[in-house]
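Next come two complexes built around chain A: one with chain B, the other with chain C.
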Partner chain A sequence: MNKIEIRNLVFHYTAGEPILNDISLAFDARSTAIIGQNGAGKTTFVKLLKGLLKPVGGDVVINGINTSDATVAALARHIGLVFQNPNDQIFKNKVLDEVMFGPLNIGQSQDEARERADAALAMVGLAGRINDNPYDLSLSERKLISIASIVAMNTEIIIFDEPTIAQDFSGKEHIKAIIRDLVAQGKLVLTIIHDMDFVAETFERTLVFAQGRVLLDGSTREVFAEEEVLRQAHLEPPHVTQLAHRTGLPGTPLTVEEFVREKRAQGAMRPVTP
Partner chain B sequence: MKALSLYQDNGTLIHRVDPISKLLYIAAAIFIPVVLTGFTAGLAMLGLSLMLLVLARVLRKVVPLIGFSMLVLISVVIIQGLFYAGNRQVMFALGGVHFYREGLLFSAAICVRVLNILCAFALLVLTTRPSDLIESLVRQGLSPHFGYVLSSVLQIIPQMTGTMETITDAQRSRGMETEGSLMVRLRAFLPLIGPVVMNSLVSTRERSLALEVRAFSSRAQKTFLNEERVSTSNRVIKIVLLAAMAAAVAWRVVS
Partner chain C sequence: MKKIVVEGLKYRYPLTAELALNDVSFEIEKGEFIGIIGRNLAGKSTLCQALMGLVPHFYKGAYGGSVTVDGLNVAQTEICELARKVGLVFQNPFTQVSGSKMTVYEELAFGLENLGVPRAEMMPRIESAMALLGIERFGKRNPFDLSGGQMQRMAIASVIAMAPDIIVLDEPTSQLDPQGSEEVFQAIQALSRQGMTVIMVEHKMEKIARYSDRVMLLDHGRLVDFDTPERVFSRDDLAQYGIAAPIFARICQGLGIRTPQTGLYPMTLDDAYDQVVNWHE
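And then the complex of A and B:
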């Protein structure tokens, strides 16, 4: 069964200035990245999925629930959204309390919430800091708190809004591992993101939004092969894909490892021997 | 960036008049009717303001302002019409309630005065970009620090509203109810206000750093980004306004 179904979705803030134009989509279990220029309607789309905005026309159905008929709080047990800026949500004095806030809100018992919060904090690598004040932690660690606070709610769908912002390489690797872990648990992971390299390495399916429409929809490899269409949406393929293209490598490698493998197969690179 | 302002960018002749002249106009609009008691001066000033508002094509924006003040003014008319201390002569009766001539005249004078002030201020607020107004005040000798405080307030309020919306969304996304009974709303207060306060503290510090790296508290004579627009017409407007006020005083003294 599709976890999310979108039928003829139309949305605008002011009549006559459409933000989203007749979008029909279904999300299965594949992890999906939504990419597009600023102002393409990505954030609005995610807010509609989350029920923070209600469609002007058409339907958004989350796990069989039409968002028009449910409150945001009621939808919260099905779909979680990690906001871009962790400072927009943190208000408790202890990391653990902050992470338990969501689970308790959606009706988990004290014990269950504690258990899930511990597990989520262990997953993001903050198990040792549960009693610290969140504001004593760095921004990238607070980002991990905000991720844990949504993971602990144990929703079937989790959306990340710009997860890699202000993260260094190891931070990105960490978040990538978290996303893979969630996918392995059978959760549907969505993200809106500008970091193409991260998309290529992490997500199975990619949607390209442009001017309120879905311009491309397919496996990440198919999408990044469409250089022309991407350019129309003012996007570029991942760096390693561009490099492959410029060095005349056939196919669409998405990761450095793939690139190296292809090159070696071509015989252009000798293995480095120490 | 979005700023808290009623400014309408219509680019008319009135928009090009410098802010100081408009401030002077407000002073004249208040001062002249006070000096020349009676209705004529007040109504004349009001008529002039309305005419200028039409010229600036902002009259439609004034209507809601006047509508709001009407609420207060109507109650003034009723109360004074019924209970003004000097009430002698009954003007009319409504269902056994007597309205008196003296009280109605007195309240009418108040109405003219209020509308007069309102329209004069509307002329300034609707046709002047706040930053332009503050810049010309700083040019006239207002402390740049105080000028910054004024203009930043206008920008920070919409910014805080935006942050507040994001925070509400973030907490609702974690299953927190924000609507419903008083108890629900009270419980929602802390999760909403906590991040707002923390965000404000953080952004205040960042703002002050950003200002300091641009020599905000330097004591050197500051220059301006925009060149001052000096035009004879603006000088003429100022002289006419000052002369009108002086003439009003003279008239009052002589007659």
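And then the complex of A and C:
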């Protein structure tokens, strides 16, 4: 069964200024990146999935529940959202209390919430910091706390909004590993993101939003092969793919390793000129 | 002409044990575009604050060595004086917005009002900064009704309107889409070519390699290297400092390609293209 089904979704904040225009989509288990220009409607879209906004037209169905008929609280056991800015999300003065807050609110017992919080903090590498004040930690560590807080709620669907902002190389690698871990646990992971290199290395499926519509939808490799369409949407392919297109290397490589392998294979096939 | 001279700078925040900056020395010429790279907590943001005086005047703490900006010793000059020379674009635009202005246009006027710029001069400066960052159509919007990316453009425009000699930017394009980010880099490069000195902290290594004249690599508060992008990103010990070279350099490294004239890895799409397209194993 698809975890999310969207049928003819229409949304606007002000009548006559459409934000989302007749979107129909289904999300299966594949990890999915949502990319698009600033103002393309990506954040509005995930707020509709969370039930924070209700459709003006059409339906959003999460695990069989139509968001128009459900409260945000009821949906919170099925779908979690990690905020872009951890400072907007974190409000407790102890890391453990912060991470247990969501689980307790959706009805987990004290014991279960503690167990899930411990597991989530271990996953993000902050198990040793449970008694610290989140604001004594760095911004990148607070980002990890905000992720652990949602992971501990054990929802089937987890959405990230710009997970790589303010992360250095190792921070990005860490978040990549967390996403893969969640996918391996069978969770549906959706991410709004502007970092195309990270998308190429991490997500199976990619959606391109432009002017309130889905312009492209396919495997990440298929989507990044469409250089022209991406440019129209004010995007660009990952750096690896850009160099591959320019040099005529086939197969839309997405990572440095794939590029090097393809190029070596191409070199090996070339007839030796006398 | 030396625009910035830093000699033996050491700094420790109050109530901390470790030096955030440890014996940092360098010189920057007028009109240079400098990229600052390093892992989180390397000291990048602290160095930005030290150039415009928030370190030590606002944060206090222990301070040694000297920072000289356009002939002014930063530790002995008040921030209001330094603000005429150096503009800082904050990492988080929410932190920078004054909160006391109801429109984007007035938000851009805020810095100019504080500098005492006459009204007639303010308007063309605000309008040209808004045009440079492509936010003319948001002039009447409330700053807090902007999206993250639009707010980031406004934060940069607010500082550019003040026409500083030196602009310090702390990850200025983190919330922008790829083309928006490219537009902002081009706008800042144009200012640099007009003589503004640019200092930018950035994790997007491909952009740093393409736009910076020189790259400063910091780690644990120390200056590890300060050289051309080609030389810094061709170091074989970057991983030790938590840095990955630009993708194009990593591809060339994987294929064993170096630029023949320099023996360094190509850094940019154009340079990598030239080498990769002619490559045979």
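A few notes on this one:
By definition in this document, the second predicted complex is superposed on the first by the 267 of 274 C-alpha atoms of A that agree within 3 Å, B and C clash if a C-alpha of one lies under 4 Å from a C-alpha of the other, contacts with A are read in each partner's own complex, and residues count from 1 in each chain.
Here, a residue touches a chain if its C-beta (ideal position, glycine included) is under 8 Å from a C-beta of that chain, and two chains touch if they have at least 3 such contacts.
Note that the structure is predicted; figures quoted are calculated from it, not measured.
Partners chain B and chain C, once the complexes are superposed on chain A, run into each other and clash. Within the superposed three-chain model, A:Gln89 lies in touch with chain B and out of touch with chain C [touch as defined at top].
Of the two partner chains placed around the shared chain by superposition, chain B is the only one that A:Leu52 touches, whereas chain C remains out of contact. Within the superposed three-chain model, A:Gly80 lies in touch with chain B and out of touch with chain C [touch as defined at top]. Using the contact criterion defined above for the overlaid structures, shared-chain residue A:Gly41 touches neither chain B nor chain C, since it reaches no partner.
Once the two complexes are overlaid on the shared chain, A:Ser138 sits against chain C while remaining clear of chain B. Contacts of A:Thr247 after superposition on the shared chain: chain C is touched, whereas chain B is not. With both structures placed on the common chain, the touch criterion links A:Met153 to chain B but leaves chain C unconnected. When the two complexes are superposed, the chain touching more residues of chain A, out of chain B and chain C, is C.
In the superposition on chain A, A:Gly212 contacts neither chain B nor chain C. When the two complexes are superposed via chain A, 149-157 is the only one of 149-157, 185-193 or 239-247 in chain B with C-alpha atoms clashing against chain C. Residue overlap on chain A between the chain B contacts of one complex and the chain C contacts of the other covers 85. On the chain A side of its complex with chain C, the touching residues are 36-39, 43, 84-85, 138-140, 162, 165-171, 194, 196-197, 231, 234-236, 238-240, 242-243, 246-248, 256-257, 259-260, 263-264, 267-268, 270. Residue ranges on chain C touching chain A, taken from their complex, read 38-41, 91-92, 94, 147-150, 171, 174-182, 203, 206, 242-244, 246-248, 250-251, 254-255, 269, 272-273, 276-277, 279-281. Listed in rising order, the residues of chain B touching chain A in the complex are 163, 166-167, 169-177, 179, 190-191, 193-195, 198-199, 202. Listing the residues of chain A that touch chain B in their complex gives 47, 50, 52, 71-73, 76-77, 80-81, 83, 85, 87-92, 101-102, 105-106, 135, 149-150, 153.
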